[in-house]
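Chain lettering (A, B and C) follows the sequence in which the chains are written, and residue indices restart at 1 in each chain.
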Amino acid sequence: MIKKREQIVFKYSEEGKKGYSLPPLDVEKKSYIPENLLKDENKGMPEISELEVVRHFTALSHMNYSVDEGFYPLGSCTMKYNPKINEKISSFDNFLMAHPYLPYSLVQGNLKLMKTLEDRLKDLTGFDYFTLFPSAGAHGELAGMMMIRKRLELDGNSRKIVLIPDSAHGTNPASSHFAGYAVKEIPSGEKGYLEAETVKEYLNEDVAALMMTNPNTLGVYEKDIKEIAELLHKNGSYLYMDGANFNALMGYVKPAEIGVDVLHLNLHKTFSTPHGGGGPGAGPVGVVEKFRDVLPVPVIRKKDGVYYTDFNIPRSIGKIRSFYGNFGVLIKALVYIMELGAEGLKKATEFAVLNANYIREKLKDTYELPYNTKTLHEVVFSENSFKKFGVKTVDLAKRILDYGFHPPTVYFPLIVHGALMIEPTETESKTTLDDFIDVMKKIHKEAEENPELLKEAPHYTPVKRLNEVLAAKKPKLKYKEEE
Amino acid sequence: MRYFPHGKNSIKQMLEDIGVNNIEELFEAIPDSNKRKTEIDFKPKSENELMEYFKNLSEENRYPSYKRFLGAGAYEHLIPEVVNYISGKGEFVTPYTPYQPEVAQGTLQATFEYQTMIANLTGMEFSNASLYDGATAAAEGILLAWRVTRKNRFLIAGSIHPEYLQTIQTYVKNLGIIIETIDWDEEGRVSKGDFEQKYNENVGGILIQSPNFFGIIEDYSWIKEKIGENKTLLITAVAEALSLGILKPPSFYGADVVVGEAQSLGLYPSYGGPTLGFITTSNKKFLWELPGRIVGETVDADGNTGYVLTLSTREQHIRRERATSNICSNQAWCIIRASVFLSVYGKQGLKELAYQNIQKANYAKEQMKKRDIKIKFDAPVFNEFVIEVEDAEKVYNSLLEKKIICGIPLKWFFPEDTKSILITVTEVVSKEDIDLLIKELEEIK
Amino acid sequence: MSNLYFTKEHEYVKVEGDTGYCGLSNYAQEELGEVIKVILPEKGKTINKGDEVCYVESPKESAKVYSPVSGEILDINEKLEDEPELINSDPYGEGWIFKIKITNPDDIKALMDEEAYKKYIEG
């Protein structure tokens, strides 16, 4: 039997219960610290036995939908299978227990691992250098935009504006802002991609860079990208590519070869490391030769057969976080890359694109495609085919939950009204896709015949639709006993 | 390839339905001029080969046979096996950010419980649902203070973790924010004199760390008394979150915002990551200025309790360039580990664990003092302290030859300081090893 | 004839002599859904017609509010800080967002009156 509800952990607490075992203290007890620096008790912390903790979290785990459980077609998130061998290898004792301040001579394995990952990412993208330390895609964007700013500054003028297409992820404008830039939105064209002609109109001496996602958030390949890169370079500006959708390009396009100057990858998307309910991820950044001097510190190098980290880079943008990033995530990505090999990664891209196009083909007569342009790894539908029934995208998404699937990304990209963004990834079979397609068609029919069914959905989940207005207006962010 | 569930027939059928002859045709959307010009060539490996390759690689890390006295922002503590068991569940490892709360109550409730515990430990009311690490959390703390005070001058204790300071500097330098550091005094504490000289009402915030980078427990009520109601925020950084299990919380000293690193609460050192950054506050006015995800309690359509991501408009996917931070992916899975860790240790266990740290580190410190090893700062410490020798690197290297990593020469961070070594002793270090370290130090100091 | 005038972006200005109360139209608040937060503009600031002056937010959206006219912001509706839902319940009354001194009366002429706006939203 699976519980639908689980009480808050603190309710298991009772004075005198204990869920830990500590070795006896092997030194003589003394009072070293003045009493005034010590607290009386750990107020608001529970006292629970181990089994109760296990049952509590097991109950909670049953309320989560996950890739291990089923199809998770969130667009732009690349919810592919997370191989179990990745988890095993990243938990080898000699990796887990390594302290970041160990001398290089004793952590050659870790350093070699990171250097190897850099090399593989260079192979796949064509860049000259990689930094592995950004902890997420957005962190990579920030590091990348800071490098662009620093490069421009060293060349005499950091400039003021970053151009970002209206279809971009929200992190792009936010990261540019925190790198000190004003953001100018630029319209993606009627065909669903940014046209070189449009970029021309926006270029002036204040433009530091253009940030674009390729393929973009509609799943459309940015055809003009090479020409756009040339225009930018002529203008003294740089091209930043958001590589969140690199799963559509492996083995087909090396971004550095088409004029991209700076790119980040999301190891938790393309390279199979798990999302963990929102993180940790890793957002390595690749750059062309010009940016060598401004890479964040440290840089991993090899001298006389020994790996070490170099902190002495005078023009570096500096440190972007502590230590060496989310090292555990880096291990998993390298295991995946090595397992698949160059050919396997290309195959991953091919099956991802095949799966997305199959869904597109099967659903395009039921749902409206806002753009007719060919797409790669994902497909976006609009609300136009069901809005007339008084049903919103959110209602449709909630109804999908009742059928045991995770809904697609909704209301994004912003340029499509009531968007449903579907990214199946390569690790799903035709059978799964067919089941999903059937459900999508069935729900569309329900929307027409019985819209209330959707508006009140979900019906079978552990909780029903949650009141987000109440949550935001009367924020309750911690449990209080007296309540 | 074992991760692709595509049989021959399926592929054929799918291609036919799409109306193309082969998969390559689907890539016609990419202009030929854009297609890869150079080969990519690395061979696949089987599971068995991978296990062997990485086993060998991990064994090139030769540190396990060494005695280690390391800390400085990354700590080795006893992690109950149940933490690994729970956090290893696929239901916690493989979901995405809980955008569909109806099928993510597990992650959401666990995060709410974590927020409660980290808020309680820091003595605050509100916590977010994690940041990357202590260093970026410190930077986000400064940015929060910058937004709410609209002042751009900040004072930071020179005794915070050097990597935190460097990260803050990277984060603020393009935003017109000016950072000045405050010296430490002979006892290793924030210098009152230097503070008074540098502080005025134009300062937007003061960031200090306790225990500080030298392990010293700061007693800093005087800072709040000095700044009064001057609209200057007091931000406390905590790099060793276990200390919160026994020391007075930052709220006691009047902190407005607490930032820090919770790696100590259930995460292995893992060569410095994944980590678990946190930020907490009690000021309701700052709620809408917090960075990152936040989980809140609410009710569902039937009136039952449930949890959702809330105050979401603060975030990048809605406010875009006006967002309070650019963070999207955070360290969510690490929260599961921290929640389990905090639940099993709980009220008493945290105190006991923290107590053992105090006892062992101070035993080491006291014994060294007795043997005339110079303790650089004599103020109370939690689980690390600084000694002074004639030539720190020389001592470090000679002990390394004896398979002892005695700590961290501070020269690595403060090049002019050639004498100091930061020594960390947590509960995992035995008395025997402490005594050995002292014996060896005595011989070569 | 009412004294309400509208922009294409669904802001309104309720004209009273040479001042006006600005807010979001009834249509706009319905589209946005329940308002949970209003980020008010700065009092005393001089703004131009079409400037992005403040933001009205529902749980999942942050709507930009553009000023329908040029002028100086004389007052802001601080009541919205605690009761943002007034924008939903009484958009043209207690749900006003800012009061502006209209420097250029011609600005009004470029806006839609109630009837024209009604046609516009019926589209």
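Keep in mind that, in the parts below, contacts are C-beta pairs under 8 Å (C-beta built on N, C-alpha and C of every residue); 3 or more make two chains touch, one makes a residue touch a chain.
Keep in mind the model is a prediction, meaning the values are calculated, not measured.
Each of B-C and A-C has its own count of C-beta contacts, and the greater count is at B-C.
Of all chains present, the one whose mean CA position sits nearest the global mean of protein CA atoms is A. Farthest chain from subunit A (centres taken as the mean of C-alpha atoms): C.
Between subunit A and subunit B the centroid-to-centroid distance comes to 20 Å (mean Cα coordinates, whole Å).
Averaged C-alpha coordinates give centres for subunit B and subunit C that are 44 Å from one another. In terms of their C-alpha centroids, the spacing between subunit A and subunit C amounts to 37 Å.
Residue positions 468, 471-472 of subunit A are each in touch with at least two other chains. Among the residues of subunit C, those touching two or more other chains are numbered 36-37, 58-60.
Within subunit B, contacts with two or more other chains are made by residues 310, 312, 318-319, 322. Of all the residues in subunit C, the ones that touch subunit A in their complex are 34, 36-37, 58-60, 84-85.
The touching residues of subunit B, when paired with subunit C in their complex, are 288, 310, 312-313, 318-319, 322. Interface residues of subunit A, counted against subunit C in their complex, comprise 411, 468-469, 471-473.
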